[in-house]
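So, here come the structures, one by one.
What follows is a pair of complexes built around subunit A, which joins subunit B in one and subunit C in the other.
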Partner chain A sequence: MPDVVRYTARRLLLMIPTFIGATFLVFFAGFALPGDPIAALGGERSMSESTRQQLIERYHLDEPVWQQYFRYMGDVLQGDLGVSILRRREVSDIFKEVFPRTVKLAGLAIAIEIVMGLSAGVLAALKKDKFLDQLVLVSTTFAVAIPVFVLGFAAQNIFAIRLDIFPIGGIQDGAWSYVLPAFVLATLSLAYVARLTRTTLSESLNEDYVQTAKAKGLPQSRVVGRHALRNALIPVVTFIGLDLAGLLGGAIITETVFNIPGVGRTIVQAIGTRDHAIVVGLSIAAVIVYLVISLVIDLFYAVLDPRIRYE
Partner chain B sequence: MEEVGSVTVADIPSHQQKVGEVLLEVEDLSVDFKTDAGVVKAVQSVSFTLHAGETLAIIGESGSGKSVTAQAIMGIVPSPPGVVNAHAIRFRGQNLADLTEKDRRKVRGQEIAMIFQDPLTSLNPVYSVGKQIGEMFRVHRGASRKEATEAAIELMEQVRIPEARLRVGDYPHQFSGGMRQRVMIAMALSLDPAVLIADEPTTALDVTVQAQIMELLGSLQEEHNMGLILITHDLGVVASVADTVQLMYAGGVVEKAGADDFYEAHAHPYAEGLMRSIPTLIGEDERLIPIEGAPPSLIRLPPGCPFNPRCPYVTDRCRTEKPLLRSIAGYAGLVACHNAEDVRSAKVGGGGGSGE
Partner chain C sequence: MSDSGREGPESSAEEAYREEHRFVDEAVGSKMTAVLAGDFEVVEKEAGLFSDAWKQVRRRKLFWFSAVLIGIFTLMAIAPALFTLPSPATHDPRECSLRNPETGEFQDLLQPSSEHWFGTDIQGCDYYARVVHGARVSIIIGIGGTLLLSFIGLIAGGTSGFYGGWTDNVISRIVDVLYAFPFIIAAILFLNLVAAETGRNAWHVLLVIGVFGWPTLSRIFRGAVLQAKEKEYVEAARALGASNNRILFRHVFPNAIAPALVFAMIGVGGIIGAEAALSFLGVGLQLPAISWGLMIANSQDRIATDPFLIFFPGLFLSLTVLGFLLLGDVVRDALDPRNR
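Now for the complex of A and B:
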């Protein structure tokens, strides 16, 4: 279908300015971080002027920012995210180590969002203004109102310390270690998904095509599932997709509270040690992941809503 | 059918009352909607019978209860807030209220099908038209995907959608309004229903397309010997196709007659007002005469006749006593008006204004 090709091409073209803008901002912000990277490398020891000069030249720190940016981006496009002088490791190596943990955490959280958020939203829409609906409204309001770190500590206190079901933090217990943090991470978005689904589904249940579906003599399950829900899900899928893209950039608070060495916590630690290479490298990797996921979402969106393809 | 849009007595083709099998009997149907503002009496004790091959036109302005009547027959009145009460709604002698939801579903769509006013919003935007037509065969007949698509193509050809085979995978937004309504008709007719309810099937369409759709409906009805309930506010549409006419006002039936009788000699002041407000293509200098006032709130109906605040023939009796449908001398129809005789004689005396 040429329409789909044109649509995809347009989305890809639109990604280019976003990519340049976002990466430049990240790169520039890395420079704006206080502290002299060379001095940080030396630590407590003093450094001779010639060594200092050598290091500046080696890392091209004497060039203007935009020139450094293009040099750096050239490397990034070849898979090189730079080198952490402090850790004496390639940033891309560090990324390969920490990213899978963030993926596990985010993937589990999204799964929880989809299963629980969608079910709660669908039930609330079908039982509008009844007890179940009110319950969903009240509990989602709660979920939105509680800060994530409070929720994290409370979950640790109850489920790890008192009930001793889950480990309190770390990733020593394999997949099991991710369950509690994933629930905590999912809570906020789960509430949004439930509310969004409730609104869009109860709207689409009033649409004319649902009346048509009923008039066709279709069973209620098909009227709701195939006709109303399919339309209602279009905005929900977009929300979940963008949420996934965001979570893959690292869940800073949750990873920190539960001591999960993923992208988020690694960036926070690197900020603490003034490790610019890691901060910038991982952030740019997160930007790329975000862009790729949102492209996939856009394409999926066009599959879900045929009207988009011909806009 | 080029006379659609203009109604003059001379143009009305004479329809013979076809007497086929009795398909649908509606007895004393009422529908209330319970809202925060009060109970909306959308339909009040409506009764009628529909035969095979017959076209019954239910006429009325928006809010007169004609669409809700259709929804009640289909069993798709949203509930809550809707409450349907009927002495009986019988299809081929079977009271639909006695059926389980599962059996009722077999009647719905297969035996009694319905098409709606706006074909764009009535078709699901995310499924191809072929899928939506084919769904009838998939769900009700257990057809395979391939069989369903073939059946859909055949139906699309039947309703004269050009290049049906190429367009079966297209989505509703890729069709024009008239073609969309053809898709709706194809879908409704897919399982060869005995009764078709068409709720304002041409209102959302261009005038030129309206005539084509009515012609299509007419020929399909003849082909399948269907009972057709045509719900409309457009008297012009009715004139060319209806056998019987039922005029509704504020949820109740105010006049009921054979179509020819109705056009020649309607007896209700509301019918007279409607006739006068139709534009004609023939009478050049004629001014349209609107009906004064607005329809009453269905929550607070006026006491007596619901039309009394707008009626030029109003008497004191009309303000207290609600008129029931009755026959009057010299008219083959039934009319719910205390002063129907006066309306008739005023017309005969030269007061009528429909272009002669």
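Now for the complex of A and C:
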């Protein structure tokens, strides 16, 4: 399929300006954060003018921003995200340590979204305008209305403090410590998945080919599962994919509320300690993860739905 | 035309009707007249889209529920005194006392009671007065931020969709960049930049939200403009020699605005949530400002002992967001032609 190849090439080309723009914004904002980087390099104690000059030369701080940016990006493309002077560690090492936690949290949240969101959406579409449908509509509205950190504290209060089922935060209990945060993180998208599934499925249930399948006397499970749901799922799959891309960039608020040292929490902490290298390095890693996954989703979407024109 | 509630021959629907007929009769012939006249029915309906929507919206209980919620919190933002007046405690959120006024004993973190409806905080401030005064910042940032991002988004999306070409390309790439740059990281980084020395206030937060929040609305409006400009009535207006500006503001804009409007209404709730989240993370408003997000942030260590300190601002915050969310939902149902 040469069309697919051309489409992929075009998407890759379009990604280049996006990539440069987004990473430059992160670089610029990250290194413009308040705090004197040279003082940090010198261990935050007074230094002679010649030492200061040497540090500036060593770290190329006298070059214009765009030159520093290209130097830095050249390193990033070779897997070097810089060095955190405060923590005396390579940022890529820190990333390797914190990213798996974010992946666990995001993966669990996505699994919850798919299982609960899809079933709620399918049930609501099949029982449209009945009690179950109304229940799904009302509960998803509330789920969207409650801000994530309020929901997080409510969950902590009920399930960790009062009922004492889950740990209140941290990751000392292994996989178990990710369950409650994952539910909190999943709630918002779960509501969207349920609503999206409900809308697209109830639309496709009215399509001619579904009516034909029904008229042929096929059992309902087959009509819904085989004929209606397959087409209805395309936008849902896209949404879930983009959501995954976003979550892997670090669920800042959930990680903060539940004290999970993933990508997001580490970035926020680094802003507090003025650790520019970590802020910039991890944010750029997050942007790269997001771009790669959304590209994959886009291509996957084009394969999934042959109606998409490769224009 | 008399039942359309419009008067005078200058109304846009009549004008479009006359324009179309002149165009059709002269150029195409009677068969196309029927087709275009059929199409005109749609044009006429869309011209009255908002009055139709209003008729439909006001019959729904959910609309009135959301209107009451929004009304209460807007009033609370404008005149907090109205809400603190019936409370037996102090009406000033900054007038705090650690001494019991009768016995003179020291006391803080009182549980909710008939004297202090929402209890008192660690400095002995009446929590009800503080929570009520928190509405102002949320409403200002929610509505102001939405206006700003809608303004930028409509201009960007409208230009992009209507003119196409390289303008579209440049704007679409900027939108892509902002999409790839997670909103919350952007807000955190830039809020740390602005006013790092002087301290941040509501206007800084509003500005950053507006500047980074517009891409989605821009995309939505661009798509709607692209659809609207392909319609026959635009072609008709162009054939009649209408200027680009006239086509854009008279024909394309009114027919493309509905989805962006719905998004903006729901967006108010989202922005109120975003402000609270940023303040909670410590990069939004700073003390001594009174904001629900800040109150929750300052109470998070007391979740086991004094959960009411999180519950009340969280409740008010959620109800405000709910109000705008429901309003957007109801309006979307009314504006969506598939629901008629």
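One rule holds in what follows: the second predicted complex is superposed on the first by the 300 of 311 C-alpha atoms of A that agree within 3 Å, B and C clash if a C-alpha of one lies under 4 Å from a C-alpha of the other, contacts with A are read in each partner's own complex, and residues count from 1 in each chain.
Criterion: a residue touches a chain if its C-beta (ideal position, glycine included) is under 8 Å from a C-beta of that chain, and two chains touch if they have at least 3 such contacts.
Predicted, not measured: the structure shown is a model, and the values here were computed from it.
J.: After the subunit A overlay, clash or fit between subunit B and subunit C?
T.: After superposition on subunit A, which the two structures share, subunit B sits beside subunit C with no clash.
J.: A:128 in the overlay: touching subunit B, subunit C, both, or neither? Say first, second, both or neither.
T.: A:128 sits against neither subunit B nor subunit C.
J.: Which partner chains sit in contact with A:227 here, subunit B, subunit C, both or neither? Use first/second/both/neither.
T.: First partner only.
J.: Taking C-alpha centres, what angle do subunit B and subunit C open up at subunit A, rounded to the nearest 10 degrees?
T.: Taking the centre of subunit A as apex, the angle works out to 70 degrees.
J.: Would you sort A:304 into first (subunit B), second (subunit C), both or neither based on which partner it touches?
T.: Only subunit B is touched by A:304; subunit C is not.
J.: More residues of subunit A in touch with subunit C or with subunit B?
T.: When the residues of subunit A touched by each partner are counted, C comes out ahead.
J.: Would you sort A:207 into first (subunit B), second (subunit C), both or neither based on which partner it touches?
T.: A:207 contacts subunit B only, not subunit C.
J.: For A:215 in the superposed arrangement: first (subunit B), second (subunit C), both or neither?
T.: first
J.: Using only C-alpha atoms, work out how near subunit B sits to subunit C after the chain A superposition, in angstrom.
T.: Minimum over all C-alpha pairs: 12 Å.
J.: Which subunit A residues come up in both lists, the one for subunit B and the one for subunit C?
T.: none
J.: Can you list the subunit B residues touching subunit A in their complex?
T.: 71, 74, 76, 105-110, 113-114, 116, 118, 121-128, 135-136, 139-140, 171, 173-174, 184, 187
J.: Spell out the residues on subunit C that touch subunit A in their complex, using ranges where they run on.
T.: 173-174, 176-177, 179-182, 184-186, 188-190, 192-193, 196-197, 269, 273, 276-277, 280-283, 296, 300, 303-304, 307, 310, 314, 317-319, 321-322, 325-326, 329
J.: Of all residues in subunit A, which touch subunit B in the complex?
T.: 207-209, 211-219, 222, 227, 230-231, 234, 304-307, 310
J.: Once bound in the complex, which stretches of subunit A touch subunit C?
T.: Against subunit C, subunit A makes touches at 14, 17-19, 21-22, 25-26, 29-30, 32-34, 141-142, 144-150, 153-154, 156-157, 161, 246, 249-250, 252-253, 256-257, 267-268, 271-272, 279, 283, 286-287, 290-291, 294.
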